[in-house]
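In the two complexes below, chain A is the common chain; its partner is chain B in one and chain C in the other.
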Partner chain A sequence: MNVSTEERGGAKVVRLEGALDVAAALELRDLLATVLEPGAKVLLDLAAVSLIDSSGVGILVTAHRLADARGAAIVLAAPPGPVGRVFELTRTNRLLRIFPTVEEGLAALAA
Partner chain B sequence: MPDSPTDSFSLASRVEEIDGARLWLTARLRAAEYGDDDVWALELALTEALANVIRHAYRGDPAQRIDLELQVSPSRTTVTITDSGAPFDPHDYEPAPLDTLRSGGYGVHLMREVMDEVAATATPDGGTQLRLTKYRSPGIQPPRSRP
Partner chain C sequence: MTRRGRGGSEERWSEILGVLTRESEYDRRLDMLLELVSRASGLPSAHVYLLDEGGGRFHLQRSRLPAGVHGVETGGAPEGGAGSVSPGPPLELSRTAADESERTVDTPAGRLRSVPLGLDGDLIGLLQLGPVEDDLPRRARQALEPIRFPLALALHRARDEHALRQRLDSALARIDVARRLEGSALDLDRFVSLLLELALRSTGTEAGFVATVDPHGGPLAIRSQRGFPEGVAEQLDLSPEAGFFDWAPAGEGGALVLHDLETAARLGIRSLLAVPLADGDRPLGVFALVNFGQARTFEAGSLELLETYAGQIKLMLRNARLFEDFTGEYLQTIKSLARSLDARRALTRGHHERMADVAEGIARALALPEEEVDAIRTAALVHDVGLAGVVEAEAYIADVEHPMVGASLVEHLPLHPWVSSAVGTHHEWFDGWGFPQGLKGEEIPLGGRVLAAAELLVELATGDAVHGPMPRDRIAAELEARSGSQLDPRVAAATMQALPGLPLYTTTEEGEG
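Right after this comes the complex of A and B.
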C-alpha cells in the first residue's frame, strides 16, 4: 500500500494505492489513528485501490468509530467497482460515508 | 481451451506472503483469459482464505506452511488451500448481522458471496483442505481500473 497526503479545502486528502488487505491493515490503522486528530476532516481517496478485503473494511469501520469519538469526520471517495462491491457485500456502504468522487466528498466535509 | 494441469504454490504462514500468492493466481487466470470480475472474486476469496489460515488455523505462527493447488478449465477454476493447523470449516461459521457497524467478521461472508462453491474437508494430519470454486462468467467483461 502506498500513501500520499495533501491539504485541500481545509481537509486532509489521503490517497491510498494498492491493496487494502490483511497485510496492509496495521499500517492503515496506524495511519488513520494519526490523521484523525480531534476536529480533523479526512477524505480517503480510494481511486487507486486495487483490492480491499475484510481486514481493510474492518479498519475503515474502526476509523469511522474513532472519528466519532474524537469529534472528527471521515469520508471515503472514488472507490473503483470491485472496492465498492465489497462495501455492498458487507453492507458497510449503508454505514460508512462513501462518495463517487473526491469533489463530492470534499463538499460533504465542508457542509 | 483444454484443461490445464494442476499448478501448485507454497507459502509461509505470514500475511506478507499473500500478495505473492495472489500474483501467482492472477497470472494463471489472465493466461486463461478469465475476465476481470472472475479474477477479482478469486483474488478476494484467496486472500480471505489465507488470512483465516494464518490467523486461526496457525494462530499467527509464521513458521508454518500453506499449500495451494490450482485447476483452471474453460468453465471453472478451483483453488485448493491446504494447512495442517487447527481445524476450520466455514460452514460452521454463522456471521453476525451485517446491519450493525462492526470491525470484523466479514471474511467468511465475503468468501461465500464471491465463490460458487466453498467446501472444507479435514486432512489426515488434522488440518483443513479448503476448495474454492468459481464458474467462469459468460461474455466479455470490461477491464477494471487498476493502478
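Right after this comes the complex of A and C.
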C-alpha cells in the first residue's frame, strides 16, 4: 500500500492507495498513531483503495477511538463502491465518519 | 420309524440340535422342541421354564397344550377351531430345593411331572409334562431320559442367542437414537457447509468459516470451515477474551472487525472479510472469507454474493434458534398441563415432580449417562399429560391410550428420543401384560421400564382412598414380588439399591401405613 500525506485547509490529508489488508493495516496502525496527536484533524482519502477487509476496517475503527481518546478528529472520504459496501456488511458504517468527497470531509473537519 | 437304543438316541440329538439350525426365531424354536418332546413322550402337555439371571425364579417360556384346549394364562391359544378353555400353567415359579429333583406337581394346568434340566451340574430350568398320575408312564420315561441333556443344551443356546439378538437390537436402537439426536444439528451443519462452499467458489476465495454463538452463553466458535491449511483453523480462537475479533454490542450497531492483526499475520492470513450475523439484537454468528496468498479484491459482485450467502446462513441459524426456543416453551406448557392434572385431586398433588425425583434416582442407580438421566426426568415430568382434556365418559379409553397420546405430544420435538419412548411405554409390563402395546422384556425402552418402576413406587408411597402410604420395607417386598413380571429385574434391582434414598414421601407421609 502506498501512503502520501499533505496539509489542506488546516487538516492532514492521508491518501491511501492499494489494498488495505492485514499487512497494510499493520503499517497504517503505526502511521495513524503518529498523526493522530491531540487536536489534530485528519482526513483519510480512500478513493484509490482497491480492497479493504476486516483488518483494514478494524484499523479505521481503532483510529476513530484513538482520535476520540486524544481529542483529535478523523474522517474518511471518497470510498469506492466496494469499500463502502464492506463498511455496510461489517456494520461499521455507523461507527465511522464517512463522506462521499474529500471536500465534504474537509468541510466537516473545519466546522 | 424311530430307531431304538444308541442309534435312536443319536437321532434325537441330531433332531433336537437341528432345530437350532432350521429355525432362528426364539418362540418358534421352543415350540418345535416342545412338539418333539411331546411326540417322543406321548404326553400332550409340555411346558418349559427357565431360571432367571438371579437364579431365584423360573419363568415360563413356552407351553404346548393338548389339541382343543386353550390356555387362558399363557395366551397361547392355537389358531382356529373351538376348544375348551382351561387355566394355563403359572407364568413364573419360585425356585425351591425340591426343584432339583424330578417330582409330580399339581398346577392350574393339571397334574404334571416336573423334570429338572441341568447343564454342567447347574439347574437351568424345568420341563413339566402331563397329564400324569404319580409318575411318568414307562414309554415317556424311556423317551425322555436320553433327550434331557440335548434338550437342556438346545434351550440354553436358544436363550443365549435370543439374549444376544436383543442386545444387538438394543445396540441398533441406540445407533438410531444417536442419529435422531444429531439429525437436526447435522442438517443445519450440512446446509451451512454447502453455502460456505458455494460462497468460496463464486467469490474466488481460498478459505472460509462460519462461527456460531452458543445460545446458552458459550463463546463464538467455528461450526464449519473449508479451505484452510492444515491446523490453521484450529488456532483461530474466537472467544472474546482472545480478542481476535472486536464485535461491538448491538447497541453500538453490532459492528465486527478484525482486531488482532499480529495473530492474523502469524497464521499467514493475507486478507479476511468477516460479516456479523445477527437476529435483531441477538448475535448469531460470523461468516468469514479468508485469503492466504495474493490478496484478492472483494469487488462489488462478490460482495453482493457474500451478502446473499450471509443472509441465507443467518436465516438458517435464526430458524434453528427459534425452533429451540419454541421447544423450550412448548415443553414448559406440557409440564404445566401435567402439573394441573395433579392438582385436581389431593392424592395426586405433586405426582409428576415426585415421579421425576424418583425416576432420576433409579436412573442414577442404573449408572446411566447424564443425558439419559435428564431424558428420563423430563419424561417423568410429563408422563401422564395424555390424560389432559379427558371427559368422564371416555375415561377408560383415555386411561389405556394416554401413554401414546402423551408420547405423540413430545415426539416431534428435538428432545432426546428417550423422552417420547419412555412416556409411551410407562405402563408396559416386563412380562408383556401391560398396555397399550403389550410389549415384552427389552422391547420396552429402558426409559419406559424405569418410569414403570418409579410410578409403582410413587403410587404405593402415596396410597389411595382406602390405603394409607405404604412404608419403605413393604414397598421393598412389593418390588421383589413384581420383579420379572411387572418390572424389569435389572431395573427392580437398581430400584431396590436406591430405595433407602429415594424421595418417596412428603415429610408427613413417611412412616405412615
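As a convention for this text, the second predicted complex is superposed on the first by the 111 of 111 C-alpha atoms of A that agree within 3 Å, B and C clash if a C-alpha of one lies under 4 Å from a C-alpha of the other, contacts with A are read in each partner's own complex, and residues count from 1 in each chain.
The working rule: a residue touches a chain if its C-beta (ideal position, glycine included) is under 8 Å from a C-beta of that chain, and two chains touch if they have at least 3 such contacts.
Since the structure is predicted, the reported quantities are computational estimates derived from the model, not experimental observations.
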item	value
Three-chain arrangement built on chain A, chain B and chain C clash or fit	clash
First (chain B), second (chain C), both or neither touched by A:G81	both
Partner chain(s) touched by A:H64 [first = chain B, second = chain C, both, neither]	first
Touching partner for A:A48 - first (chain B), second (chain C), both, neither	first
Partner chain(s) touched by A:L95 [first = chain B, second = chain C, both, neither]	both
First (chain B), second (chain C), both or neither touched by A:E17	first
From 222-230, 366-374 or 456-464, the chain C stretch with C-alpha clashes against chain B	222-230
Chain B and chain C contact sites that coincide on chain A, given as residue numbers	19, 21-23, 50-51, 53-55, 57-59, 61-62, 81-82, 85-86, 89-92, 94-95
Residues on chain B engaged by chain A in the complex (per definition of touch)	15-16, 18-19, 22, 36, 40, 43-44, 47-48, 51, 54, 98-99, 101-107, 109-110, 113-114, 144-147
Chain A to chain C touching residues, read off their complex	19, 21-23, 25-26, 29, 50-55, 57-59, 61-62, 81-82, 85-86, 89-92, 94-95
For the chain A and chain B complex, residues of the former touching the latter	17-19, 21-23, 47-51, 53-55, 57-59, 61-62, 64-65, 80-82, 85-86, 89-92, 94-95
Contact footprint of chain A on chain C as seen in their complex	245-246, 248, 252-259, 261-262, 264-265, 269-276, 288, 295-300, 303-304, 306-307, 310
